[in-house]
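After this come two complexes, each holding chain A, first together with chain B and then together with chain C.
And then the complex of A and B:
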């Protein structure tokens, strides 16, 4: 059916693969937190039961049990009860089915710490900050790193001697260490930039110029802290890739033929780019993880901060909600890179042309 | 022997190995020379460095040098254990899939790629936060090892599948060797140098992962690690108090170990892979 559309076939194949990965991620998200003995309802009850009499505490507990899908519910939405009037506990399998169908509908339950706020609401507030921080840093960091790496490999000399050790150091500094360094030196000691937070105290997120200006000022340090590390890591990869390309026959041959330098550089860049793009797909998970920890160091109001507060408060629905969303974002980003590779890879393009 | 001479000729190997050996000496000889005590309060919170306590005290008034040595030991321990587990799991899966090929290889590759895409930090967070009690240093190291093996499996698989068609492998098969025998006796020896490099990188990853997880407050309950020192310092406002000695030395130590391991890895690549030698 897709014989004549290799690109489309490639895209559909990848889409199917990523859907399977998504299901595995949902499964992990469901089962791992249930490995432990912690029960979310007990955690909430410990918090809210104080001052309640037994009957209303029991009623409350049952409403939570129902909300977290821990008991069987009949078609009318009432809790099923056994002969003694006790609620029937849902089996792990039915809990799982319930969880998957809820996740697919975007319903992630409600937070324990900020009960009855929905997890999806908290995430909706946090996600734009994370996207605004991570998307540009990774995309532009990747681009700049590759250009610098290719230039260093081609020019060698002083440029390479300065850039290479710097890039090596940047790629070896753990993201969180660099973040702490920036907070302390530029934020607290020199007071050039605000050290923590996403915008001025007393402001609420809104679409005004004043808020935007404040947010951009707070953006500088977290941006730099992730950006420079991505640039360093990518520059090193691209540099060694280009040094390899420079030694290949096609470059030597082109040089002997007297092909223009810029043209050789262009060919070399294109050939080294594809593995770098595949490398990006593989490194995305680590990059996003590192950036999440950077968010925590800067108390940036994104998903990283949400995960941190959730962990500190044993807020399981919020932890799993955030981890699932981060995974979904990484999957989408990976999928986009995969599609890009499919479009750029001359082998897939060639198959497309010969298929016509 | 010749390889060893080549290694010593490489300045980056000498640099990396020197730094790494220095951290090892600090971790293992430090307690013999310096007085290490991580339970006694020797001063006020965040006492600045002095002649008695070279790097001051932490938020509880405990000597920083003692904490750093203890933290360094745990971080190295986590790194080695997690690195060993990840290398063994990754190597076995990679070798087996790469040699077998066919359906088994496909299944293993799909599985590996799956866990490669799902961020390992996420799996680490989920696992660690579900184990509320008994999150010991060893358990954390094992968990890290079980979540970071993926890329080494991928790398080893690529190498192993290039060896499977070699004559000596076919000969071994004709002579009746079993799959494990061929994988371990006739393929793995060719990749030992490669696997050693994988181990070095996995160790670095292990140290970094432990620090990340501890930064989230999901660190070990039974020991001090470099990541935990950082976490405690930040939680107790060492940054705003200007107590640089409470976090900077731990940051330097983590960076030095990871940098040293990366440099060793790069220089080994230059020596083991003759094509890269100039």
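And then the complex of A and C:
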């Protein structure tokens, strides 16, 4: 029925595959954290058991297990027990069914370690900061890096000789190392920029200019710590792609024909950019996972730390909530690239249309 | 725009006073227009740029850039009420490590400031860990009798809704623990047989709760005669935050008295409490409390003065280093976090209790718990060999920045209030201390032969039958760097004398499970660390009691090393007797004798391996914005940050530093 709409057929086919990938990913996301020996209630008990006697502690532990659905409960709401009187742990299968049915209703459950906070609430609070930090660094870093890379490849000479080693250096520095250097030099030694936090300690987030000014001031170091590294990495990639393109027949031919330099640059850029575009999409997809290292170095608000503490404390609902978010974003980003590349690259469009 | 939305959300989350909340409820667009009159103020240059033929995206970018790069010329726009003026704000840290989620006073681990007493909810008494005295708070006095402990409430004590704090509130708070076994106050009921109220005329109040004049102010805690222990009751009087019956009871009734349901209430606004501060706002970045000017205690307890600090703010940083940086930059005023090598921070105005080593006042004893069910650790020779093998000086100097007095054997601190129970003579006679020759002698006495390789490294230890002794592993959570260093030093010391020990660093969540279930050979732990009236008894109790003895695999929250199994042939009943006896002794000489007896048993049997002394809570402060902090030279308050227990008194005595 899609004979006359090969593109549509292609898109639907891809969408189907992405849906299957999604299901597999969700399943893995659910089971992986639960495979280990540890469980989140132990982490909570470590905090709350001080001073409790053994019987009270046991009662407390059981009330947590019940609250978080980790034990079987009978119709009257009592914990089911085995012959020794130990609570019967809820089977993974029943937990999974519960999880899927809740997820389908859009309910991510409530966090265990930050009980009774909802997972959706935690994500909603942290995500804007993560996006504010990641989106501009990735997008602007990508743009600037690619322009610099293409220029270096095309211009050669001094520009390349300076830019290339610099870019190499930047891309080779581990992000945490560069971040710590920035904090130490600009934050602690020179005290030009604040070393810690997302905005002035004396403020609460609000829609005032004062808050914006403070937040932008605090934004500089975390931004730079990622931005420069992204620029470096992108520039190197783009430069090699462009050098390759420069050696291709179509560029030589265009040069011989006397085509305008800017036009050649445009051709070249367009071709060299395709793999970079995939990289961009992937980066955009994974960015919701948070810039953990940056967050830790600068105590910057965001989702990364929430994910880390969730994993450390086996906070199942929060782990699955965050990984679900990342999964969805990565898949959407990939899907968009699939479609976009088809539109941008005539060769792929042709292949799609011939039904391969 | 992303940022704009973010801030709007966060503002909504941060509970602001009513008036501001209503204002914030305006649609976001109007807010931007009213709050950011950019076009009118940005002047003609920006205006003309915007007006030119730039594409829409470019224009948007320019507006954004202009916004970000403009200096603070719009200060007059900002609400004078917003933010925390530095001269009236005190920044503390170390009591809140993750996103705050609930301020419910019945939770075992609510968020700051509810988790550390006396800012929001108050205790009956405060414990002064320097003098060992109880200081009045909600209760104006207390008395200890043979079979009871009684307190008399301050007649002026009020909840912030104007209702008096009555004996009924105290009785209710304690009896919650009788009803709900999972509450932290529940275990007290092993030692209590009832709470009785008396009015001023001396009549026992029996009718329903009332707060009408003549309400009962005298509360008598009747001790359980079968298990006489006034110490744990005293502990509870300075530890248990009293909650308002008239507010909590209806809330519990609304959820059919189901505590799990009740615990879902966040208590983040319109809370009835008695303390000098109220929750002001909270987010993932900070929690703020604001002064309640109508606080009842200003008159009776503080000579009519309000606290000098209006806001107490707890920033939430994500790494330990940031507390140290923030202290040095004067962004934090006091912190209860581990700041390494504090002497290097002196020139930045960061100080602690002492100006020289050990810098802090210790009250806790990090140690290795020993699993007595795992051979060869059931052998006293092996345990004592370990006690002699460990290089305590290295631990003190290398692992904990020298923040400790030199370690003395036993469970009694050789300084401070416990010093009167300490016997240097006993320590010399029975205790272990770093002495490799003695360690080797103990090993030999136990029939152990270490086998060293040609490179001088230990290969294995053999027992008296020539069999290889199993390697003992020391468990500690991954990434707790000070504990990791301690464990490394202990392993190195033990191996050098011929004990086959190894490090085992495990994920924190696995660590806790292992600790309670007894799944360890040796494990790091700091038992009963907070200073309280029951020290040092509670330290002995938590390490050696055989009450609720459970087999390995089942959880035990005391005596996790399963020492002195009552079912084993070698059971020493005297230890349990002494633990039961000491809290009831009133005669000081007798008390000293019994403590010495118990401590000698500990030293002889070495059931655990104490390693170093540490403060229960670190106490560092910066003198940049506030002064008059208590120190060893001016010890008018114990070393506590001003949101902790008796440290709250500091909020009245601090002096702002003129900037």
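Rule of thumb we're sticking to: the second predicted complex is superposed on the first by the 231 of 356 C-alpha atoms of A that agree within 3 Å, B and C clash if a C-alpha of one lies under 4 Å from a C-alpha of the other, contacts with A are read in each partner's own complex, and residues count from 1 in each chain.
Everything that follows uses one rule, which is that contacts are C-beta pairs under 8 Å (C-beta built on N, C-alpha and C of every residue); 3 or more make two chains touch, one makes a residue touch a chain.
Predicted, not measured: the structure shown is a model, and the values here were computed from it.
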Would you sort A:66 into first (chain B), second (chain C), both or neither based on which partner it touches? second
Touching A:234, do we find chain B (first), chain C (second), both, or neither? neither
Could you tell me if A:33 is touching chain B, chain C, both of them or neither one (first, second, both, neither)? first
Among the partners chain B and chain C, which is in contact with a greater number of residues of chain A? C
After lining up the shared chain so the two structures overlap, which partner does A:137 touch, if you call chain B first and chain C second: first, second, both or neither? neither
For A:225, using the defined touch cut-off, is the partner it touches chain B, chain C, both, or neither? Pick first, second, both or neither. neither
Classify the contacts of A:319 with the two partner chains as first (chain B alone), second (chain C alone), both, or neither. first
Name the contact category of A:146: first (chain B only), second (chain C only), both, or neither. neither
Is A:209 in contact with chain B, with chain C, with both, or with neither (first, second, both, neither)? second
Have a look at where A:299 lands relative to chain B and chain C in the superposition and call it first, second, both or neither. second
Find the residues of chain A that appear in the contact set with chain B and again in the contact set with chain C. 36-38, 183, 188, 195, 296-297, 312, 314
What does chain C use to touch chain A in their complex? 2-11, 13-14, 16, 24, 28, 31-32, 35-36, 67-68, 70-72, 74-75, 77-79, 82-86, 89, 91, 98-99, 101-102, 108-109, 181-184, 186-187, 190, 259-260, 263-264, 266, 281, 283-286, 288, 313, 315-319, 322, 325-326, 328-329, 331, 507-513, 515-516, 547-548, 550, 555-558
Using the touch definition up top, name the residues of chain B that touch chain A in the complex. 110, 114, 116-123, 125-127, 129-132, 151, 208, 211-212, 215-218, 230, 234, 239-240, 242, 244, 247-248, 251, 254-255, 258-259, 262-263
Report the residues of chain A in contact with chain B in the complex, numbered from low to high. 17-18, 20-21, 24-25, 28-29, 32-38, 168-169, 171-174, 176-177, 180-181, 183-184, 188-189, 195, 282, 284-286, 288-290, 292-293, 296-297, 307-308, 311-312, 314, 316, 319-320, 323, 326-327, 330-331, 334
For the chain A and chain C complex, residues of the former touching the latter: 36-40, 42-49, 51-61, 63, 66-67, 111, 113-117, 122, 124-126, 128-129, 131-132, 135, 183, 187-188, 191, 195-213, 215-216, 295-297, 299-301, 305-306, 309, 312-314
